[in-house]
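There are structures below to look over.
Look for chain A in each of the two complexes below; its partner is chain B in the first and chain C in the second.
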Partner chain A sequence: MPTLLVLLAGAVIVAAGIVTVTRRNPIHAALSMLVALGGVALLMLALHSTFLAAMQVLLYGGAIMVLFTFVIMLLTLREDEMGPEPPARTKTVAGAGAFFVLAIVWWAIATRDHHDFQAPALGGAFGSPEHFARFLYTDYVVSFELVTVLVMAAVAGVIVLGRRADRESLEGTRLTQAPAHKDPHAAPAGRDEVQP
Partner chain B sequence: MNETLVAVLAVLVKAVIIVGFPLAIVPGLIYLERKVCSYIQGRIGPNRVNLTIGHIDYLLPPSMRGALPVGLARFKLIPGSLQPLADGIKLAFKEEIVPAQADKLLYFMAPVLAFVPVATALAFIPFGTPTWDAFGSGHVINLQLASANVGVLGLFAIGSLGVYGIAVGGWGSGSKFPLMGAVRSAAQMISYEIAMALALLSAIVTAGTVDLQAFVLHQATTWGGAGWLMFKQPLAALIFLVAMFAENNRLPFDLPEAEPELVGGYHTEYSGLKFGIFFLGEYTAMILMSGLFVTMFMGGWSLPLLIDPYATGGLNALLSAGVFLAKLFLVLGFQIWIRWTLPRFRYDQLMSLGWKKLVPLALANLVVSAIVLTFVS
Partner chain C sequence: MTEITTPDAIQLVAAALFAVGVFGVLSRRNLLIVLMSVELMLNGAILSLVGFSREFAHLPGQSEAGQVMVLMAMAVAAAEVALGLSIVIALFRHIRSVDVDAPRATLLRS
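The block that comes next holds the complex of A and B.
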C-alpha cells in the first residue's frame, strides 16, 4: 500500500512537472507546479512524515505559490507580451539536457546495491511535530541555526534592494535632476499639460 | 461487530456529518445574516417566502385538505425562513454566462477550488468528546474525523489553499474587476495569515500541543475547566479574531469584493450555481475559522460543570457536540453582527493594520509568552 502511494505520488509529480515546463500560460504553469508540490507532500505522507507533509503544503502551497500567482496576476501578461516561441534548436538542447540528467539519476538508482538495505523501524511518534522538533533542536541544531542566519541575511538583502531610492545614494544620477525651482504651492504637475 | 468494521463505519458517518454540516447550515446562516442585517438597519428583512402550518395540507390525503382553520393555516413558523431555498432555486435557474475572454479551464475550476479545501479542513475540528463509548458497546469513538498528529498545522495547510479559488476565479474570468479583486484578496490573505499564525503559535506554546483534541482537553482540565485560551492568551485571541475577519474577506475587511469600487470582486463574472458554490465556500470558510477559534480559544466542546471531558457516556458526548454547536453559532453571530456594524477599511489602512500593528503585536506576545512559560514551569 505505501509503495502504491509512493508510485502514485511520483507519477503525479512527474506529470505535473512536465506540464509546468511546457505551458506558455504562466498561471497554468504555476498551478501545475502547485500540483507537483502537492505530490511531494503526498510522497512525504507515504513515508510517514506527516509534519513535513503539512509544512510542505502550508509553506509551498499556502504561501510561496500564492505569492507566485500574485506576482503573475500583478504583471497580467497577455499572449503578445510573452515573447516569441523559443526556436526549435533551444528546445532540442533543453530536452536533451533534461534527458541526460534523467539518465544519470536512473543510472545512480539502478547501479546502487540495495540488497542489504533495511528500512528503519518506525515508532508510533515518527514524523510527528514532537519527534521532528527533538531532532531539529538536538542533533541538527547547528545547521538549523546556520540556516536561520542565511534566511536573516536574505531578508536584510531584500529590504536593502527593495528600499525606495533616497537622495544621497542617487546623487548625480538622472533621477535626482528634478526641476530646479519647484513651487511647492503649484497645482499638481501633469494636469495642465494634457489639456488640448 | 468487529473492531475494524466499527472503525470504518464511524469514519464514514463522521465524514458524512462533516461534509453535510456546512451544506445543511449555510442556508440557515444566510437567513440569519439577512435577518440580523435588516434588524441592524431598521428593516424587516425577508418575510415573504414562508413556511406556514397550512403547507402540511399538501402532505395530507385529498379528502382531508382544507380542514385546517384559515387563521391557523396561515400561521408563519419562522417569517421568511424559506428565503434561502428560494435564493437557491433562483441561482439554479439563472443563465450560465461564460465570458468570451475567460480562460475556460480555470473559470470552471475556481468555484471548486474555493470550496473543496475549506470543507476538507473541517475534518480536523473536534466537535465532541474523544472518548465516546458507542452505545455502550466498548468501541471508543473520537468525535473528530482527522485525528492526525499535525492537528492545527494540517488544518491550516489545507485551509490556506482556499485562496486559490479566489485567485484563479479572478484570473480565469479574463476581466479587470475580478482580477483586481483577486490580487487584493491574495495580498490580504498572505498578510493576515502571518499575524494569525503567530497568534496561533502563542496558543500552541501555552497549551504545549498542536493536536486540537489535546487543545480542548488542556482547556477543559486547567483552571477548574475554565482555562480557555481566550483568558490565558487574550491578546492572541484578539489578534486571531481580527485576522479571522480578514481571512474570510468579511467586512470591515471585504476589500476583495468591495461593491462600490469593484462591482463584485473576484466573482463578478460568475452567475448561477457557480456563483452559488463561491458563496457556499465563503460561508464554509466562515464556519471553519469560527470552529477553529472555538476549539483553540473558547474551550471547544467543553463547558465547566456540564461536561466531563473523560466520561464515555452517550449523553455526555451529545451534550459536548451541542455545546460546540452553541459556541460555534455564538462566534458566527458575532461575525455577522460586526459585518453590519463597521464600515469598510481603506486598502492602505488594512495593510498597515496587518503589517505594522498585528504582526509586531503577535510577535511580542509570542516572545513574552515563551519567556514567561519557561520561567514559570
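The block that comes next holds the complex of A and C.
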C-alpha cells in the first residue's frame, strides 16, 4: 500500500478520533469512533492481517460499539448529568500532554534503525486464518488459555457490579441468609421500578 | 526532510491515534467519552503492533507474534469495556451523573 494512502486513511482515522473526543453528545462520539475503528480495520487489511481486520470489525465495530450505544441509550443522559464543559485551561494542558506523547513516539520512530528494511516478500499465508490459528494454538496456547481466565474474571466482576447494593436484590439467592419472617412475595415488587 | 516510509507512516498514524486518546482522557469529564478515549488509545497500540508484525514478518520465528498479541489485546479490551461500562452504570445509579468531577463521584477516589 503506498505511503500516501496510509497517510490518507490515517488522516480520516485521526479526524474521526478528534471528533470522538470533542463531541458533547455521546452518541455522536460513538458513531465517529466507529469510523475510526473501521479505518484501523482498513489499515490492518493493507498490512496483510486479514484475520485481525475481521476481528476488529466483529469485536470492536460489533460487540464493543453495541455495548457503548446500549449503555448510552440505557442511561439517556440529560445535559446536567454529563457535567459542564472542562475549562479552556484543562484543554490546553491536555493538548500539551497529547502533543508530548506524540513527540516522544515520533522521535523514537524517526531515530530507529532502518538499515535492513525492505518490504519483506510474504507468502500468501501470512495473516490468513489458517496460518494465524496454527501459530495461536501452538506457540501461544498458554496465553490463549489465560485469556479465558481473564474473561471469566470480567464476567464475575460485571455480575457483582450489576447487582443492586441493597439486600433485596439478594433475596432468594444463596448469597443471603434470608430472614424467615420476611414475606418472600413482597421482595420482587418494586425492585425494577424506574427511579425518578 | 527525508522521505517517509510506509512502516513509519503506520507508526505515525498509530501514535497520532494514541495521542488523540490521551487528549480525550485528560480533557473530558464525561465518563463514557473517557472510556471511548481509552479505546482509541488501545487501537493506536494495536495498530502499532500490527505494523511491526508486518514489518518484521521476514525474520525467522517472528511470524505473526505481533498479531497474536493484538488478539490478546482485543480480548483484554472487550473485558475492560464490559467492566468499565458496568462501573459507569453503577456510578450513575448512585450519583445520577457520569461527570468524573461531580462532588459525589469523589467516593471513587478514596
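Assume the second predicted complex is superposed on the first by the 149 of 196 C-alpha atoms of A that agree within 3 Å, B and C clash if a C-alpha of one lies under 4 Å from a C-alpha of the other, contacts with A are read in each partner's own complex, and residues count from 1 in each chain.
Assume contacts are C-beta pairs under 8 Å (C-beta built on N, C-alpha and C of every residue); 3 or more make two chains touch, one makes a residue touch a chain.
Just so you know, these numbers come straight off a predicted model, no measurement behind them.
Annotation: superposed three-chain arrangement on chain A; chain B versus chain C shows no clash, the two fitting side by side. In the superposition on chain A, contact is made by A:129 with chain B only, not with chain C. More residues of chain A lie in touch with C than with the remaining chain of the pair chain B and chain C. Of the two partner chains placed by the overlay, neither chain B nor chain C lies in contact with A:107. Judged by the touch definition given at the top, the superposed model places A:34 against chain B, while chain C stays out of reach. Look at A:137: by the touch rule set out above, it reaches neither chain B nor chain C. In the superposition on chain A, contact of A:10 is made with chain C only, not with chain B. In the superposition on chain A, contact is made by A:57 with chain B only, not with chain C.
Once chain A of one complex is fitted onto chain A of the other, the partner contacts of A:67 extend to both chain B and chain C. By the touch criterion defined above, A:47 lies against chain C but remains apart from chain B after alignment on the C-alpha atoms of chain A. Taken over all C-alpha pairs, chain B and chain C come no nearer than 14 Å in the superposed arrangement. 51, 55, 63, 67, 74, 127 are the residues of chain A that lie in the contact sets of both chain B and chain C, per the superposition on chain A. Residues of chain A touching chain B in their complex: 25, 27-28, 31, 34, 50-51, 53-55, 57-58, 61-63, 66-67, 69-70, 73-74, 76, 125, 127-129. Across the interface of their complex, chain C is touched by residues 1-3, 6-7, 9-10, 13-14, 17-18, 20-21, 23, 26, 29-30, 33, 36-37, 40, 43-44, 47-49, 51-52, 55-56, 59-60, 63-64, 67-68, 71-72, 74-75, 77, 80-86, 90-91, 93-95, 97-99, 101-102, 105-106, 109-110, 114, 117, 119-122, 126-127, 131-132, 135-136, 139-140, 143-144, 147, 150-151, 153-155, 157-158, 161-162 of chain A. Considering their complex, residues 4-13, 15-24, 26-30, 32-33, 35-37, 39-40, 43, 46-47, 50-51, 53-58, 63-65, 67-68, 70-72, 74-83, 85-90, 92, 96-102 of chain C touch chain A.
On chain B, the positions that touch chain A within their shared complex are 103, 105-106, 148-150, 153-154, 156-158, 160-161, 163-164, 167-168, 170-171, 179, 182-183, 186-187, 189-190, 193, 210.
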